[in-house]
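I've put the structures underneath this note.
In what follows, chain A forms one complex with chain B and a second complex with chain C.
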Partner chain A sequence: MSTHLIQIDRSLCSGFGSCLKEAPTVFALDGDGLATLLVAETADEAVLAAAASCPMGAIAVFDLETGQEAA
Partner chain B sequence: MNGVVIIGAGLAGARCAEALRAGGAEIPITLVGAEHAEPYERPALSKGFLAGTLAEDDLFLRPPGSWEDRGIDLRLGSPVEHIDLRRRTVVVSGGELAWSHLVVATGTRARRLPGVDFRNVHHLRTLDDAVALRAAVNPGTRLVVIGAGFVGAEVASTAAGLGAHVTIIEAEAAPLARVAGAEVGHLLARRWRAEGVALHLGSQIARVTPDRVEIVGGQTVPYDVLLVAIGAEPASELLAGAGGIPTDAFGRTAHDGVYACGDVASLEGRRVEHWTSASGQAAAVASTILGSPRPYADTPYFWSDQFGLRLQMVGTTTGWSHVELDGDSASFRARYVDLEGKAVAVLLANRAAEVAAARRELATAA
Partner chain C sequence: MRHDPTFWLLARASGLTAYVMLTLSILAGLLVKSRPFRTLKPAAVVDLHRILAMLGLGAIAGHAAALVLDTTVKVSIPGLFVPGLVSYRPVWTSTGILAAELMVLVYASFSMRKRIGPKNWRRLHWATYAIFAMATVHGLAAGTDASRPWAFALYAVAVSSVAIAATWRFIVPPATARARRPAGRAAEITPRRRGEQPA
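Right after this comes the complex of A and B.
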């Protein structure tokens, strides 16, 4: 089980909110209606689905051990 | 077990392949695409890619080579010629592929104007289309766009930003009228004109020559580059008629073991061409093939960036009786309300903060 480092490009985020649905313990919407992180790292595999579900491609997930982009 | 063959390597096909593999299945997965490019994102073709701020590499869904790394047999430049439902094979150039499950995700193709096929006439659906259009549109180019739908609007907006002189010709009385209605359409028309675009509304095309468009009633618009943006039609001929491939919410077609997802699928009688539907329907098909079926039941959603507006629509504008409009052409919310006062759709312009609330309201209403 690898640890994932998550990044949101807020300039791309459109507030669609699909990331919250996929990984509610990781993502939230802030007062501007844009996605924000509740944690910076997680082992929760749901962040991969969250990244894939984002219509704007605003979410990047990296494997913390290898530094490789996982999604 | 012959595995899964997916026809169409766009968003729906690629997402379906990924979801199948992520679901832990060891089954062989073959992803067959007619185009030569690795699976890529189409939304940017009319925006960042056309503007030159995004390169081809930025569009790929996955880094080149990663499909093979995931054990997905990606076959590009391979249009499927025939599906044999009885023998469970598909015929591609140079061979036959056997399947136990078949996913048809062939998408759409741009509708054309009969007889209008000059060298400087463009359509926009594929990466190749976008490469050609990008090379043709320069500062000072006279670009005429036939059709004021979303593709036409986004290309017009991007081209105007590049310094082209843009004219849009539309048969309806307002842009985006079929989706947004006349009132919102007129609001958008004011915005487009303020951004320097010449807009001919309620205008039928009489004739198109290699250098001008003649409008019924006499006006003639000269052009260097013509974009025909009059919608798309489903590439469904391998399996069904012109209206798309009928499916249920799990992506199942009338044929055992055959599924459809994305733009080509007519899910319970409704075909939509949205990024989120393609992605969500692909996941539903994968879950069904993997034996733990989850239906696709999300509220429709799409976005469009044009003339300084980010438009985001939640829901479907059918069955509404009037529009509740808040704001102006710089930022607005339009609620499409039915006779009982219930919202069927919400269109937001530069109001990202209201998207989540609109989704909640419409998900509850459905």
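Right after this comes the complex of A and C.
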């Protein structure tokens, strides 16, 4: 199991909230209604599903060991 | 004895209702990203966008049912789905059928987003501009009420509001980009060791 680093491109985020449904411990909506991170890194594999579910493709997940984009 | 005009009136009313719902849904969709009204939460606008599209499809179903039940224009059930089977202004009724079928496809794609992927889902959404254009032409060319001033005003307001919202959506940068510079897509991120705090 690897650790994931998550990044949200907030200029792309449109606040659909699909990431929250996949990984509620990692993502939240801020006062602007846009996605924000509760943690910067996680081992939770649900972030991969969250990145895949984003309609705007605004979430990038990196494998911390390799630096490669995981989703 | 004159024929019962109930279904003919319903067909016209439901057609116009569907057009209004489609227009409002498109406007809501265009507002999600450009957000001229900052107090509106995107998630709520997305919900509204979907609900309006669903109501539009409901009105289209009513439009179709009323046209079959009405006797002013002969429309068979296959004629509702296959373009070209309706003898009344065949080109313009077919345009309406194609617009409705495309709209069902775009609407259904929301539930299939995970299967088809976000990119394809967004690409499919481009069809909405064609749907709107086709629905407008269908209403103007096949609609009984199109020559009435109020109906013409309705079409004019719908087309200009969608044109303005679309222009705004593509010319004005998204609200978030205005508020802060985008951090940039983290493509060139360097690998870091476990335990290091992100900058």
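Here is the rule we go by: the second predicted complex is superposed on the first by the 71 of 71 C-alpha atoms of A that agree within 3 Å, B and C clash if a C-alpha of one lies under 4 Å from a C-alpha of the other, contacts with A are read in each partner's own complex, and residues count from 1 in each chain.
One rule holds for everything that comes next: a residue touches a chain if its C-beta (ideal position, glycine included) is under 8 Å from a C-beta of that chain, and two chains touch if they have at least 3 such contacts.
Bear in mind the structure is a predicted one, so any value in this text is a computation, not a measurement.
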| item | value |
| --- | --- |
| Touched partner set for A:Pro55, first chain B, second chain C, both or neither | both |
| Which of chain B and chain C A:Ala40 touches, first, second, both or neither | second |
| Touching partner for A:Leu29 - first (chain B), second (chain C), both, neither | both |
| Touched chain A residues, chain B compared with chain C | C |
| First, second, both or neither for A:Leu64, with chain B first and chain C second | second |
| Partner chain(s) touched by A:Phe16 [first = chain B, second = chain C, both, neither] | both |
| Intersection of chain A interface sets (partners chain B, chain C) | 13-17, 29, 32-34, 52-53, 55, 57, 69 |
| Chain C partner contacts - residues on chain A that touch it in the complex | 3, 5, 7, 9-17, 29, 32-34, 40-41, 52-57, 60, 62, 64-67, 69 |
| Complex contact set, residues of chain C against chain A | 32-33, 38, 40-44, 46, 113-114, 117-119, 121-122, 173-177, 179-180, 182-187, 189-192, 194, 197-198 |
| Chain A contact footprint on chain B (complex, rising order) | 15, 18, 22, 41, 43, 63, 275-276, 279, 301, 303, 310, 312, 352-356, 359 |
| In the complex, chain A residues that touch chain B | 13-18, 29, 31-34, 48-49, 52-53, 55, 57, 69 |
